[in-house]
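Here the chain labels run A, B, C and D in written order, and each chain numbers its own residues starting at 1.
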Amino acid sequence: MKILYFAWVRQKIGRSEEVVDAPANVRTAGDLAAWLVARGDGYAEAFADLKRVRVAINQEHSNFSAPVDGRDEIAFFPPVTGG
Amino acid sequence: MKILYFAWVRQKIGRSEEVVDAPANVRTAGDLAAWLVARGDGYAEAFADLKRVRVAINQEHSNFSAPVDGRDEIAFFPPVTGG
Amino acid sequence: MIRVQRQDFNIGVEIDALTRGRTDVGAVVSFAGIVRADADGDPLKSMTLEHFPGMTERELNRVEAEARVRWSLQDVAIIHRFGELLPGDRIVLVATTSQHRADAFEAASFLMDYLKTRAPFWKRELRVSGEYWVEPRDSDDSAAARWSS
Amino acid sequence: MIRVQRQDFNIGVEIDALTRGRTDVGAVVSFAGIVRADADGDPLKSMTLEHFPGMTERELNRVEAEARVRWSLQDVAIIHRFGELLPGDRIVLVATTSQHRADAFEAASFLMDYLKTRAPFWKRELRVSGEYWVEPRDSDDSAAARWSS
């Protein structure tokens, strides 16, 4: 499972991408975030308030209840501020 | 009294401006148009349907019931189509 | 800035003039109107714009002043051509600058709507089938009316 | 036409590219967003735009496609920069062409509103007082929401 991080989510976690082997009970983007939180302080800080975090799955806007599996590319980032 | 004509009002009347001595009973722009109509076919044609004609007095949009006097510059023209 | 002129204008140059050297402008909106070759299915050879010198500038200044009251604008440019124009030629430019995009967008749209119903210009079309004075559009009146509600 | 790039763009050149040699375009609207030197009263030294390569282009293409369904458009250009920008630098350009002005205006306004809430860009401001990630504005969400009613 490939994971990307952007903006302050990236800064808090300290990396812009990683490939992880998530356990079988990680079925949604929200499960993935919860599993990542257990990995350390940076993750816990990045995902402390999920209302401030957005998810894209395979480069499409999605949400934390969307299903994910090992072939997906999941991105976590703050609300966008382009334009 | 200076009078200006634009667009098809000008074409029908056959001139773009003229200075006239209107009689004392010409008190409004509408009186002026009625008095001009008596001057000939071109005027009658230009003012045949006053709903299609607009008035400006001293370069400000106005209407046929507005008062006019000898010091005014009165312009008659079709609805504008700029932009 | 109001200009009524026979000659063409350059959109990029005019936009640059509103923004160059400034660091307080956040949004610049431009509208340009161009002569179309097709007039209701009747090919257009040329279009001649007649106007009322003096009154035109007064009305454009009035329209600009009203936009500046209604929206928070840093600068406004209005350029309107007259004389004979060919298909593809630029007719009119409106450009607005503001700190934020909503003001710049709304003011530019307002300026065009008001200019269409108030500025003393008249268009004569030379079509393949003959010469015609352009009639005002109901849609232009209703577009202008939405700003007075 | 969608471009996501580090380098600057020229508004006049981009508008010309949409209209040159054409006689069917009646209206061209452009919007450019520019870095302002003042961030809530706190002087801005620079702004860095981060984005999600790949997804950005997909979202901009999607936004363009939606605008083309909603309005009668002849052409659309969207250019968005990333990287480090200074006060006065251009950030984004949206330009639309149409036969009539209402379509060009509304589509350009829609494109900006949608791009602000959907395109994966994030702005980090380097202010005199420190570094800050720009927070989304409620006004941007409500601006985007008006198109879904």
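Please note the rule applied: contacts are C-beta pairs under 8 Å (C-beta built on N, C-alpha and C of every residue); 3 or more make two chains touch, one makes a residue touch a chain.
For clarity, every value in this text was computed on a predicted model and none was experimentally measured.
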Not counting subunit D, which chains belong to the same connected group?
A | B, C
From subunit D, which chain is the farthest off, judged by mean CA positions?
B
Using mean C-alpha positions as chain centres, tell me how far subunit B is from subunit D in Å, no decimals.
49
Between subunit A and subunit B, what is the separation of their C-alpha centroids in Å?
73
Centroid from C-alpha atoms only, then distance subunit B to subunit C, rounded to Å. What do you get?
27
Check each residue of subunit D and list the ones that touch at least two other chains.
33, 112
Which two-chain combinations qualify as touching?
A-D, B-C, C-D
So in the complex, which bits of subunit B are touching subunit C?
4, 6-8, 56, 59-61, 75, 77-83
Counting only contacts in the complex, subunit C reaches subunit B at residues 33, 49-52, 54-55, 58-59, 80, 91-92, 112, 115-124, 133-136, 140
Going by the contact rule set out above, which residues of subunit D touch subunit C in the complex?
10-13, 15-16, 19, 21-38, 87-88, 99, 101-102, 104-105, 108-109, 112, 139, 143
